[in-house]
């Protein structure tokens, strides 16, 4: 599964994307796995209310299922316009 | 007193402006005087609800006083923009 | 504040660029442009009559009122009179503000007042002849929100 | 419908003119332009990051939704990414409609969605360093009206 990071999430984790092998069934389970990895992931995912997630380039919720998903992206609230 | 006509009011009366000698105290009195003049004035002022009036280039009501006013204009509802 | 009542055409894009470039402290610029629309599919021309003197005064009054009501940096209004062909631009307003809500609201406010309170009258000529455009109730009603 | 996500600058006036000229059956054209604002009086640059692929999809979705919700003839969206200087234009939207209410509402709708639902993130660099721009509650709240 491709996992992408943007804005300060990318900066905290230190890379823009990576391939992750996971059995996680939901976004929340994937986040829990990532947080256990290293301090930088723990720092990036500490406050989920400050994060947004997209599955295959569509905004989704943290309890959304990952079945069939190829691309997960984590980022802060958007500031376009 | 200068009296100006615009749009179909101008067309019905047949002139864009004229100087009127009057003792009328209000717009309504002036309109009553003009209506008595000729058929074309009667036709132009037949339906006051379809008319607007400006006194010295400011929108006003038909019961507004004419004292001190130099320029009266009659026209249909505006259609700018 | 820049207000122009003129017979000759104006270059919408050039005016919009000049207006926007003048305000680096403003984050939001909104423009509105009115175009002669071929409604009945047979419009030959539109004639716009106005009240010289009062027109400029009324536009200036409404522009000043907009600057008072909204947090605005600047206002531009250009309105043409005379004979226009379908597709030609009748008028434009532009507003610059620190934030988008003020820029949008001020432009809508100016348009609502321009429609019903600035002394312009439109006459359309089609194959069937010429007729004055009637004022719309919805334009009068739109003023109620301000 | 014309949607562009690009690094290079665009000519707001030229785009506005081209957009307006393409629609003689539309009486109303509204544009919004966002400009890099020197808020703290010390902004050196603004960096805009985006999510290639998702950005285009999200903008297209919102443009299609606007065409469904409002009586609209056309929509244009241009949004830049990369490093911008104060005074540079970040983005523009333009809407064309038979009547002004639809053109205004569609432009406001698009801006509200662009602000909080299109995957762009802004980082400001001042003399004190660089920081990500925080999303505003009022921008999230603005979506409530649609």
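A, B, C and D label the chains in the order they appear, each numbered from 1.
Simple rule for what comes next: a contact is a pair of C-beta atoms (placed from the backbone, for glycine too) under 8 Å apart; a residue touches a chain by one contact, two chains touch by 3 or more.
Quick caveat, the model's predicted, so the values are computed rather than measured.
Student: According to the touch definition, list the chains common to the neighbour sets of chain A and chain C.
Tutor: D
Student: Measuring from the mean C-alpha position of chain B to the mean C-alpha position of chain D, what distance in angstrom results?
Tutor: That pair's centroid distance is 48 Å.
Student: Please compute the C-alpha centroid of chain A, do the same for chain B, then give the distance between them in whole Å.
Tutor: About 72 Å separates the centre of chain A from that of chain B.
Student: Rounded to the nearest whole Å, what is the centre-to-centre distance of chain B and chain C, using the mean of the C-alpha atoms as each centre?
Tutor: About 26 Å separates the centre of chain B from that of chain C.
Student: Note the residues in chain B that touch 2 or more other chains, in rising order.
Tutor: Where chain B meets two or more other chains at a single residue, that happens at 81.
Student: Residues of chain D that contact two or more other chains, please.
Tutor: 34, 100, 111 - these are the residues of chain D that touch more than one other chain.
Student: Please list, in label order, each pair of chains that touches.
Tutor: A-D, B-C, C-D
Student: Once bound in the complex, which stretches of chain D touch chain A?
Tutor: Residues 34, 49, 51, 53-54, 57-58, 79, 90-91, 111, 114-123, 132-135, 140.
Student: Quick check: in the complex, which residue numbers of chain C touch chain D?
Tutor: The touching residues are 11-18, 20-21, 23-38, 86-87, 89, 98, 100-101, 103-104, 107-108, 111, 142.
Student: Looking at the complex, which residues from chain A come into contact with chain D?
Tutor: 4, 6-8, 10, 54, 57-59, 73, 75-81
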